[in-house]
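There are structures below to look over.
Paired with chain B in one complex and with chain C in the other, chain A is shared by the two complexes that follow.
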Partner chain A sequence: YFDSLRICLSTGGCPFVHEVRKDEDICSPILRKLFNESHHIFVGLQGIRDDLPSKNKKTQFVSISKNYRSVIRACMEELQQVAGKVEGKSDGRISPVFFLQVSILLAVELIWNLCEVLFIDAAPAGSLLLHLLDWVRLHKADVDEKARDVLQSESPTEHQAYWDVVGVNTLTLTEFDVKWRHWHEEVDRCLQDQSFASNPHLEVICKILVGDEDVLLEHKELLSTWYHFLVTRLLFSHPIVKPTELHYYAQSSMHMFLDTRSVPEPLDSILLAAFEFDIHQVIKDCSIALNNWWFVAHLTDLMDHCKLLQSHNLHFGSNLREFLLLEYASGLFTHHSLWQLAVDYFDHCPEFGRVYLELQIERVPLDTERKALKVLRICEQRQMTEQVRSICKIMAKGALRNNRLGSALSWSIRAKDAAFATLISERFLQDYCANGAFSDLDLIDNLGSAMLLSDRLTFLGKYREFHRLYGEKCFSDAAKLLLSLMTAKIAPRTFWMTLLTDALPLLEQKEVIFSADQTHELMFCLEDLTSGNCLPKPDRWFPFLFQDEDIDTTKIEILRLALARNLAKAIVKEGTVEV
Partner chain B sequence: MEGINAKYVSQKISKTRWRPVSSSSLQQPDIFATGSWDNEDNKISLWSIGDNGVSGMDDEFEGDPQLVCEYKHNGDVMDLQFLDQDRIVTASSTGAVTIFRHNHNNQTLSVPQLWERAHHYPCGKAPCTGVVCNSPEIVTVGEDGRIILFRSDQEGVTRTIENADSSTIHAVTFLRTTEILTVNSIGQLKLWDFRQRSNEPSQILSLTGDRVPLHCVDRHPNQQHIVATGGQDGMLCIWDVRQGKMPFSLMEAHSAEMWEVHFHPSNPDHLFSCSEDGSLLHWETSSNSDTPSFLQGGRNASITSRSAIAPAGGNQSLISAWLTGDSGKGRLETTHMLPSQTLSVNSLDVLGQCLVCGTDGEAIYVNRLVPI
Partner chain C sequence: MFVARSIAADHKDLIHDVSYDFHGRRMATCSSDQSVKVWDKSESGEWHCTASWKTHSGSVWRVTWAHPEFGQVLASCSFDRTAAVWEEIVGESNDKQRGQSHWIKRTTLVDSRTSVTDVKFAPKYMGLMLTTCSADGVVRIYEAPDVMNLSQWSLQHEISGKLSCSCISWNPSSSRAHPPMIAVGSDDSNVTYGGKVQIYEYNENTRKYAKAETLMTVTDAVHDIAFAPNLGRSFHVLAIATKDVRIFKLVPLRKESSSTGPTKLEVQILAQFDNHNSQVWRVSWNITSTLLASSGDDGCVRLWKANYMDNWKCTGILKGDGSPVNGSSGQPSAMNTVVGSAVQASQNALNGSAAGRYFFPALDPPRAGSRFGQLLPPSTLIEHCDAQSAQTAPPVHPAPPGPVITLPSVPAKTVHHL
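The block that comes next holds the complex of A and B.
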């Protein structure tokens, strides 16, 4: 799956994509950090309250945007570090995929940074150029060094003027504009006067400072990209460029810089769309260029929070932000480990998130109980009762197959699954009838309130209690309990014969245990059981109870006799009055 | 909480444990081990938090944990314990129990011993869920309801208690050298005495009422009859195993499963718990009586309000139903130790002033200035 989780830029005819699998081991642990860290930021972002004043919110959004970018940078740096280590080894050969990965992250950060400057921070005229300068500087640090060296190599006064321009935030716009124009005119005059004619380098620098485009273009290799050219051009000709004018300069810069023959790369069109403030185009182009949803999902979500996206619904009902988040999260869900992150993303998709989660969560493989518990907790927290039942049933069935009756019961309790609890109780009773003794006494003796989950379970617990009382020689309590099991209809009819048989030793005691009334009730139960139309049909659980009719009749006879004798003794005992 | 940062490690952490420091030295621990889970290739890793010799008055320590070495682990690491300074025992979801040895010279790990199908079903694998050791003895428990006793110096199994439990045993700890405590998924705390030949527990304790599964257990380091457990409902229970079948006190701690609970080994008035709800709590008790307020009994109202941002030491007094005279003035403080809401905190360990924990967000947090 990591093929698609990997961020790939589909430049024209990229042959590397097919070799991806081999280098997964190097890239994927580092990329995983990206997914985890950005998930953390995402969840924090969703928690920002709507009622904050917009000024505070903007600062927070910018800070979150910077967080995202720092995560991307950290990832890039680590990839480069690892590449360095591989290179250092004697047989180290870094595959092209590695470099591709780094360059993609670079591109992603470049785009994100520009979006932050233009859309999220929404710098107004004046500080806009400053931000753009920072932006270019951040991504072309080495080139800028060279350019600065060239500029610094000559007279310091020019140098001074250069920094004055940069110090625009100390003045108001109009003040600055006046000062700047004045300075610009002065430099222009110097050029006209040929004051620097003696020194060709100085003259070139002067021309640059005036914003002479031809001269700038002559130094193309220093600038290396059209957007560096754009910013430099703006710096020296239109320092207080307004956001709305940007697109004009961007387009013309791009055309001037690139050869007319070369086709703009995807990155170029994306940046141009950004300069044109066409957010939707940026997102669309990024989605096409990168076959991974990570970048567009997070960026769109952030911009949605900044209320920058027009909420036009897509064909199938959800908006752009939700669509991208759903795509991203669905991809995450197929990863054997990162599926847990996806849950939070689905949570924040109000239209379809829940449905997607319901479908996906049942497909998570449950290798251990601990994992099943985590999945269950996710379902329970979101009141997904159907999924809870289904997961518990799978676990309970598995436990039952392995003869772990206690575990099976524990899962039934969690799902409040009375039917399965009944099934488990039947298993216990089967074992009892087969072996003559209860297995897993630690469970049955300590059922607690779980007993109430199913009638059969209640019966099991009470029946065991009867055995215990009998064992402890609390005969009258045992007798009372036994009777109540039948009269309160707790015991299944199929088990009544066994219960009545259990009563035999109590009836045969020298001491009278069952009172006359109780004996009457027992007799009633026996008649009830044996009367023609009420004979219980052979039960599939207890088929052996009705195998031999002769034994049955004999047993019934014995019971009747015992009951009669007990009744006699009881009447006598109760009738006797102490004188 | 200042000074506690996340280190992202690209694997979900199921267990973290400090390497023990010799009791004679007053050093702080510097090496910890982690185990991962839910990966196609799981690992155990050893990390170092650097030289603690250089400590200024500054609160801030640099020192991201650095990876020392790692080793592939077959199956999820369900539990992990240091057997001694060099060896680690792990419990695996495949049912295997493995001993790893750390070679200090070349900083590698090797596997000197492995019991591959220690826990199993008649047909199929049964995860081994817990391991505890008291060198050279090792005790493991699993989903198959078995308790197995090993010795690290012997090849085979020393003793197996078959069908010790009809439900899954989630955790085990030593009560005394020959007695262990287990907790299971039907909410029972069982005491087993290895000196007895029978395969029955010598004592069973449980909460009446709901059979809430218990996930973790820890014994008070000094007073061996005091035991803490945590379970599916996030409640912290304190038990006195000498008396009664019921817990001594219950406290609402977390809003989801409590995965681990630990008394601080040298300062047991402090307790730590971590949970599926993404929080790690530090419980601190102080009272003018000798008995910690844990033992003053009764069911207590909710201790702390839930919030994603750490409150600076939630100060709630214990409302105990059984206050008796002047010994009932116990006070319990609870603090969140993590800076913000995270995914489940699966494991924690505390030693000296150092705390380490691991989360499902694939992050490790280390705090070297735990206020003890």
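The block that comes next holds the complex of A and C.
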């Protein structure tokens, strides 16, 4: 139904590249509803508890089956409505696409309904025929508009009269059988006696009532399909047909009804297989005939829940139900919004659902942050840690490429990627050195415990905190922090010069901020930094720090002077006794 | 219905490779015109060329994308005996407005003495590693130890074989049970050395790659090779494009504790198809290894799928409309179909059947402008439950009689046709 296959190919002879993909056709918006609603039913079905008594389960399964069918009908009706509108607008022809889609859904519902009657509801002899009658009546009305009027005049009265005559509602099966045979013999005798000879129309009706096949076949155009013929035949000749006998009547009905030359249509084979209670054949034939996995996947899943499928090991040990669900869900995954439905299907495929999901979800294009977060949430809920890490890394890398450092940093933190977080922190610091200001302050200020992911990130956070304290004029706190960045070795040595330079304004305040001890420590740091062997080599991150020897020497001298002066002031301050 | 969109690639010569990126939103093409083009897919589904530049001084044979975790990175290889690594840099804002981006060369790998015929990145769990293979039979494995610095690559391994190499494929499995494994195909016409596919495996102890297996049954020239995604299986699946399409199953045999050599592999053939009835040039897996696409000199792309009983069948055929190329020689359009990394090849909706008269009117004729006709009906995908178990390979289809598509004789440079 949608863009599920894309192949790119180029022809050697001509410089064209061809992209072949499944066309998203005009039915898609309506079909989307089908997928959404059936997904809802599917999830509900998976939740049915195994320990319920089988009688209750059967009722639930039948109800779920009816839900699926009503969704199909709703979809069909909407398509017909839209087709009607289109028909009105254009030259009167219904778009073949709509026609096709409606006819597919008609067939799907027909088959599903029959499967519900035969397999899920598993109607026994007696009520079986009633269900089949309903089935035929329901679909007869859809398929054959022409015969409808005729039918309406004939069948209901026939049936009504018929049941009234036999009075089925009050009898048990055996009682019914006896009574029915008795009645049948009577009508037969009347026909033999030519009692109705005067009224040919009545005679025909009576012949029909006794299930005279030749007469029935004469009215083929009223029974537009062989299965209508089948049910009618059963109604009048074998009303308490047993499920196990159905296939015989079905086969013979089909042969009697169809032209001997015509080949059965796929639908015919499917229905025949159903009458033969060959579930696997039904599924197989449906998979071939219908161009979608939706139907077979959902129907098979339901039948599996009803414990109707024998398990056949696939080569990974999976079974038919899972195979079909995986196929269906994989197809959903390529759709830009329906892929989220697919997740639930994979969740309920115990063997391969998880690995399929892992492989498919990491390919979802991360067009927007919102989409990426959606994908991430799904992965996180399922502890797909590798996919989480990978997606966050891809987002971080993309953000970094576009110089969105804040975004890159937050994605790295989410990915728990310490190395990348370090890299981005370095970039932040680089930017600071170049521009004298930080970007993305909000993010850095609110790192919280994420700060601990990498040393460089911790430094970035703490360094920014220093600037904040300074800006808020909490000078002594700022001073303490600044010092600790060096003494606790949080700051990389390559950055110490910058830190010491940052200390200058604090040293040159009129008020003493750094204590004598603190000043000593600062001096120690400076000497440590500048003593011959330990002068940090220019590294790739801060090459410009050591470009000009003169400036460095000057700066060092300035620092030494400032430190000395501060020390003097501090000693005096600390030594002074307030009188 | 399927629809084909033609993209006027604007290459001035034959296109040798098409490659989707990881997410299927970008595409790279390379050509004998020595250039690589990068295409981006817009929201409306249109492809726009966002970069086009000269990459080599000879035909560019292959182009491939690195995993997006490493950024926007491409590698190309060429007849000019080199392989190159390219990185996209975000350009000026006016470039962005014009929808153009810039790719700069990060490194050139010049170790090869002959045409470099394939270049592939190793699976991402191995780090940033690049592999090349050359016409002189040497496979080289390079690593960028610092993933942030794409200009530094060191040659880690050199594997010399006796046969000229045409293609390589890494086993994508990241399972601890599987050491890194690479398959190398050869298009050498030499018949002395039988098997044209070699499988090498990394040995943790010797820290080297050693040959684990030669596929002796593959004796014809191999044009393409592809490991299937792993799905947590214990065995490996390998597709080969040679005179036909072959799918092998490689089962690692249990190693004795004393054994220090490479894992012994049991080789089984899962499927063999000669439907192309001509040389098969490319094979490409979908994401979940459930669909294989192959392209051949019959101008068709065929799709292969295993049913739930593990029998492989053709599930679709894409045909060109067969109109001849407007070339001076007026020869038949020998379509060298190149199947790009069929990332998006998913399973759905491929089992439509034209036989279902009840549901389908006759399949629509090709839409105007589309170069592809019908998607021909697939065969049964779901076996009856009584069918034989999976492992027997389906019978090889007898080659139908009739003229084989003759290839135009081409000069040596564009030797890819052969």
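In the analysis below, the second predicted complex is superposed on the first by the 409 of 579 C-alpha atoms of A that agree within 3 Å, B and C clash if a C-alpha of one lies under 4 Å from a C-alpha of the other, contacts with A are read in each partner's own complex, and residues count from 1 in each chain.
What we mean here is this: contacts are C-beta pairs under 8 Å (C-beta built on N, C-alpha and C of every residue); 3 or more make two chains touch, one makes a residue touch a chain.
Quick caveat: nothing in here was measured; it's all calculated off a predicted structure.
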item	value
First, second, both or neither for A:356, with chain B first and chain C second	second
Touched partner set for A:50, first chain B, second chain C, both or neither	neither
Chain B versus chain C as contact partner of A:511, first or second or both or neither	neither
Partner chain in contact with A:397 - chain B first, chain C second, else both or neither	second
First (chain B), second (chain C), both or neither touched by A:578	neither
More chain A residues in contact - chain B or chain C	C
Touched partner set for A:327, first chain B, second chain C, both or neither	second
First, second, both or neither for A:33, with chain B first and chain C second	first
Contact residues of chain A, present in both the chain B and the chain C interface	402
Chain A contact footprint on chain C (complex, rising order)	1-15, 18, 20, 22-25, 27, 29, 31, 39, 47, 68-72, 88-90, 124, 148, 229, 231-233, 284, 287-288, 290-291, 293, 295, 299, 301, 303, 308-310, 318, 320, 325-327, 333-340, 342-353, 355-361, 371-372, 378, 380-385, 390, 416-417
Touch list for chain B against partner chain A, complex	6, 8-12, 37-40, 76, 78, 93, 121-122, 124, 126-127, 129, 143-145, 163, 165-168, 184-188, 190, 201, 204, 206-211, 213, 232, 256-257, 276, 308, 340-344, 360-363
Of chain A, residues touching chain B in the complex	28-30, 32-33, 36-37, 39-40, 43-44, 47, 336-337, 340-341, 367-371, 373-374, 377, 381, 402, 404-407, 409-410, 413, 439-440, 442-443, 446-450
Touching residues on chain A, where the partner in the complex is chain C	1-23, 25, 96, 100, 103-104, 107, 265-268, 280-281, 283-284, 287-293, 310, 312, 314-316, 318-320, 323, 326-328, 330-334, 352, 355-356, 359-360, 363-366, 390, 393-394, 397-398, 401-403, 423
